[in-house]
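Here it is, the structure in full.
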Amino acid sequence: MRDERLKTLLKGGAIWGFILLELVFFEVAGRIWSLSGNAFVDLDNMLLLLKQAAPIGIIAVGMTVVMINGNIDLSVGATYALAGIVMLDSMSWPFMEALGAGAIPLAWGFALLTGALLGLINGLIVWKTGVDAFIVTLGAMLGFRGLVFMYNGEQPTYHLDWTMVDIAEAEILGLQTPALVFLAVVLGVWLLMTRTVHGRNAYAIGDNRDAAVNAGLRVGPHILINFVLIGVLAALSAVAFYSGSGSVNPNDGMLFELWAITAVVLGGTKLTGGRGSIIGTLGGVLAIQLLRMGLGHIGAQTETVNLVIGTILIAVLFLDRQLNRKGAEELKI
Amino acid sequence: MTQHTPALRLEGIVKTFPGVRALDGVSFSVLPGEVHALMGENGAGKSTLMKVLGGIYQPDAGRIFIEERETVMRGPLEAKAEGVMFIHQELSLAEELSVAENVYLGELPRKRFGRVDWATLYARTDAILQKLKVRFDARTRVGELSIANQQMVEIARALTVNAKAVIFDEPTASLTDAEKVVLFDVIADLRAQGVGIVYISHRMEEIFRITDRISILRDGAYRGTLETAATDEDEITRMMIGRSLDLSRNAAAPDLGPVALRAEGLSCGHLFEDATFEVREGEVLGFYGLVGAGRTEIAETLFGLRTPTAGRILLKGDEISLGSPVEAIARGISLVPESRKEQGLVLGMNCRDNITLPQVDDLTAGPFVSDGAEISIYDQYRDRLAIKSPSWRTPVGNLSGGNQQKIVIGKWLSMRPEVLIVDEPTRGIDVGSKSEIHNLLRELAKQGYAVIVISSEMPEVLHVSDRIVAMYHGRIMREFTAAEVTEDGLIQAISGLTGDAA
Amino acid sequence: MADTALKSTAMKSVGGLLARQGILVAFVVFMVGFALWNPRFIDIDNVFGVIRSSAILGVMALGVTFVVIGGNLDLSVGSMLSFSAIVVLDLHENPAFGPALAIPAMYAMTLALGALNGFLIGYLRLNSLIVTLGMLSAIHGLTLTYSGGQNMDIANQSETWFGVFGRGSALGIPVPVLIFAGLAALLGMILAKTPFGRKVYAVGGNGTAATFSGIPRARVVFATYLISAFCVATAGLIQASRTMGAQNTVGQGLELEVLAAVILGGASLLGGSGTIFKTVIGVLILGFIQNGLLLAGLEFYVQFVVTWIIIILAVWLDIATKRGKLWSPIA
Amino acid sequence: QSYTIGITQNNVGVDSYQTTYEQAFIAAAEANPDVDVVVLDAGGDVARQIAQIQDLVQQDVDAMIIWPTNGQAVIPAVREAYRAEIPVIITNSNIAEEGFDFVRSFSGPDNITQGQRAAEIMCDRFKEKGIEDEAQIVEVTGQPGYTTAIERSEGFQQRLPEVCPNVTLLDSQPGNWNREDAQQVMEAFLVQYDDIDGVYSGDDNMGVGALNAALAADRAGDITFVGATNFAVGYDAMERGEYWGSIYQSPVDDAEAALQTAIDVLEGEDVPFLNYFDTPKITQENMDEFDRPVF
């Protein structure tokens, strides 16, 4: 039994081991190559890391839920941009301007509502038409992006409100707001997936949809809820990020879906559903962000960054596979 | 009994699939406190009828009554709400989840804020598992269980609610005798509580042991109902397939050739250790043992799917080492795997292509696969094995369970391998086809092929084997010849009660 | 009497066709719609133009169809396309090579990348999504290193026969269309008729059962990635020849478009189903939608939204005809 | 005294201009023994650029140069740099006015003027041909949403009616800085419109794509092609007489100007806030005055 536990720990631990490796490597390599001569593993730097990981991280948490549920959402990048646009644009609506600083939470609310609505659209289509989520959200990736451009043409949407920026840059224990939001989301969704009936049903549906149907589970509403959840989380990510930047470019969020999915899969979630963990995803997100930050720290060039990130992704997968080997008794299929 | 109102009653049910009329106006009823067997050939419509009752299929015509109240079953949810529990023929489990979550799938006990009440869940599940006398607990991940134990998890579901009726669709197909006994106790309990039970099985001895009445379907039509106490195998068989079966064993002494395959001190980790046995040309060698005894693993090793950690394999006297099934097949060794759904079939592929899959390279005309050659192989085995399928184009997944199994058998028989290993070959196969398969295996042996049969059904091993190897806990305990074998001896050997390993 | 029987069998076969080729029906519906909107849409030059510009996407989609039916994904095709276009142009300009050697050399290098994909996914059994996503990034880095980040251009465009693959035409049909059609026919035949094609379906449909049936699963998967790389190399050749120059990012984003075409054609992401013919239909639908909306003079972002709606409607129609019900039966 | 200067670029490798810029920047820094540089690339992603600005602040560089992916979104991050007392120089495309307080200087081309000049080139050519009262043109713009694309298009569309009020702009579609995309867009234009006299493209790379389409349709002879950011392909096409004109803009000048501005700021010299370098018109007529671009 203890042996079992150690094994599962080791299995889930591949990503954390890798994070440790990254820290050591960049610390050492940084001393040799870094121009600034600053330490890499330094509290401020790590807190910054958490903040920088937030936009993709929050989305990746939502993606984990949807993927555990046996679906996927490729439209999150566009949802993120549209929610950001609604949030910033709403700040300049006449009645909102009249509210002063009181408009800020309202603007956040509008953004989250937008995310929920877009998630609802995806979820309803997946549920009611039976079209595969991959296609539905691939289409939506394009369609939502079209809506983004419709809103304000090619122009960026911006509204710089220094109060909002200050809220976004506020710190508790050195953690800035986006990092806090990220951690809160991780905790909340982790509880949702491990402790609640909805979470466990999401696993069951992703694992074996026919079995879930046969057992009388209402599969559709669960799928719908999870799409709404990822919509809201994409919007929340936009809230956390754009409150601090004040401007949305209509191209923002492109490729977010791929990075989020990468983080999720690195974190051990099965692509076909049924298995996965929020904590693993946290690891995946941190590993990727560390890689980016570290490569910048040692001054790697664009082409090297691309090469290295690609290679590392494959290497982590390979390591993970080696760790999960059963040894001589394995069936060779 | 007839004074009771039926627990459930079906009237004039019609169900068609593209190309098949699966049910043609079937009527059927089950009384409370009765075990009612549903019998028929593979593809007769038993599972389909039950799926209509369970809300999984919508009938094209006909009515369903629960305690004489007409009901429409729009989905499994409604069926469950009406107190109809359904143990499916194919395992229907979420492998990544725990046993408890699977048993209570769809109705996890809740606390406030939608939280799962784990304590209650585990307590209730453990109570049920205790009744089933299984050796795993509620927290075990289902994927880690053997197929038999997974089947027990399915069965546990029937005990979660106070059902009015429980449907068991071939629950014993992958159970061994020990679990069967438990299952029959459970069924007896339910029956005593006044639950109406539908029991589908192809195994006559079970039918006579636990059922009260037997209803028979043939080609989707209702054929009649018999009192179990007042009938016999022959009558049932005749109603099912329209003729009697000759079940006598071909007693002629086998005409044995040289040793075809020999294992010497073969081991694979702790799965099985130090296995030494041989099978001759013209011989049928049976392997008997409890679930998990390691028979399947030996077969997989002989088929190149596992690397032995010790020992050697000799084919016609030459030592061979097999890297993969490709090599095994090239050397004339074939395996009919134990799990048709996972290992045997590509469910989305049609019947013909599944049968010819291992030899598709040899069925070519120029660079292309020859349609004619494939169809002739398919036709041959469809006729031999009485495979019931609308056409060769039908995806295998649309066939009845037994017919799927026949496709798997046909696939390997058509290869004419020198050494054929069959693992639980007749799982879910009706009596008629079963004896046909047994005959086929015997006939192969007579033609000089070597056959290894792994089975958890004692009558089957006894019936087809020339020699029987008994296994216990990864070790070969004893070898019996057909002449010396007795049921008691076998049972002792597979329970580890005989000290002398062969 | 015989007449009605004839009619009913005719009806049935039309119904059967509808059920089997819902996507084809969707295609015809959209074509007619666009043609009514703007008659120039069905101008023969325009039709050829669209097929020609779909050829690059289409040729890539043919290869990816194999990968997807085999139960995997290939997200590296876009970046591989950039790679092959850059390489072939660079070697073309290199006096030591010239067009005649540049082309085989580029094929060899692209196939090597495909072999790497195939090795990692087929033999090492790594997750195809992550591997090819990693390769997407790594190949992009490779391309940038190779080109030094510069665009590649053919200096003397009038003095090379290299343009024939992208710009030439034979019998009045553009060469890219011929290549696309030829390759589709060849690969379609391989997939539908040969033992190898059968094995691809088996491996994608149920890999375990395929292994138990003595199919060398790793080798089959490996081969699907080689085919995919071959198609990418061909697409890269057409691309480079058509524009006689390329950026390092010329294929960026194509991977999802290619996948969309394959899935739109009806291949399942889970593997085991799909056909080359359907992929071609998927490619043409995407190509004609883009063109039709452009001709309709819509803003590009309205085109995005309309494309979204059409994709979903097309796939919905396809599966609704298959299951004989408009709405999904999921509760 | 030695300085460490950090730069975060928009999207290196997306086209030759940005790559050449990066190379010229590194070369210029290496030539100067007093300067070390940290070169980062945002890959076109605002979030990543903001993170890089924060990283540079964290690394405590002496000055930082930013090629903004989005002229507004970087403002709060720039404010962080400003608060950390790191001088910020913006390069290539400017940030929005709200951020001017936190920035020491802008160094780069004036994209609006470039668009205006392109309109003038086009109009002059029509006048030469005598079709300034009936000409119809189409536009192929850069990647939607990018400042450079927007500003060039704005400058062009605003100036054209001033100089040639009777020229009609038939249609405008994005070519995403991509030659193949531009070629497809142009093919559709050619089917849709029987009479096209001019094409304005957001850069020469797309311009050549449009030219290819017209050549294939045998209609290139009647069309005046005008682009921006003169690429080598554009230059060559001009030489062949197929392409009319463009705007000459050197990434080397761009990079060197940015680095020099940063050094000047660090040396405490007085630097003007807007440091535009000149981007002259280039056409078939005056092209001998310019070297063939290196990218």
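Just so it is clear, A, B, C and D label the chains in written order, and each chain counts residues from 1 on its own.
Following the convention adopted for this analysis, a contact is a pair of C-beta atoms (placed from the backbone, for glycine too) under 8 Å apart; a residue touches a chain by one contact, two chains touch by 3 or more.
All of these numbers come straight from a predicted model, not from anything done at the bench.
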Set of chains whose contacts include both chain D and chain C: A
Farthest chain relative to chain C (centres taken as mean CA coordinates): B
Which of A-D and A-C has more C-beta pairs touching across its chains: A-C
Centroid distance [mean C-alpha coordinates] between chain D and chain B, Å: 71
Gap in Å, rounded to a whole number, between the CA centres of chain D and chain A: 33
CA centroid of chain A to CA centroid of chain C, Å: 30
Chain A and chain B: spacing of chain centres that average the CA atoms, whole Å: 44
Residues of chain C engaged with two or more neighbouring chains: 140, 144, 149, 208, 211-212, 300-301, 331
Touching two or more other chains - residue numbers and ranges from chain A: 149, 213, 218, 302-303, 305, 332-333
Sequence positions of chain B contacting 2 or more other chains: 75, 77, 305, 324
Contacting chain pairs - touch in the sense defined above: A-B, A-C, A-D, B-C, C-D
Chain D - residues contacting chain A, complex: 4, 12-13, 22, 36-41, 43-48, 50-52, 54-55, 58-61, 69-77, 79-80, 96, 98, 143-146, 149-150
Contact footprint of chain B on chain C as seen in their complex: 189, 193-195, 198-199, 201-202, 205-206, 208-216, 272-273, 331
Interface residues, chain A side, partner chain C - complex: 74, 125, 127-132, 134-136, 138-150, 213, 218-220, 223, 258, 261-262, 265-266, 271-272, 302-314, 317-318, 321, 332-333
Chain A contact footprint on chain B (complex, rising order): 54, 56, 75-77, 79-81, 86, 88, 92-97, 101-102, 105-108, 110, 113-116, 157, 268-271, 300, 304-307, 309, 324
In the complex with chain B, residue positions of chain A that touch it: 195-198, 200-201, 203-204, 207-208, 210-218, 270, 274-275, 327-333
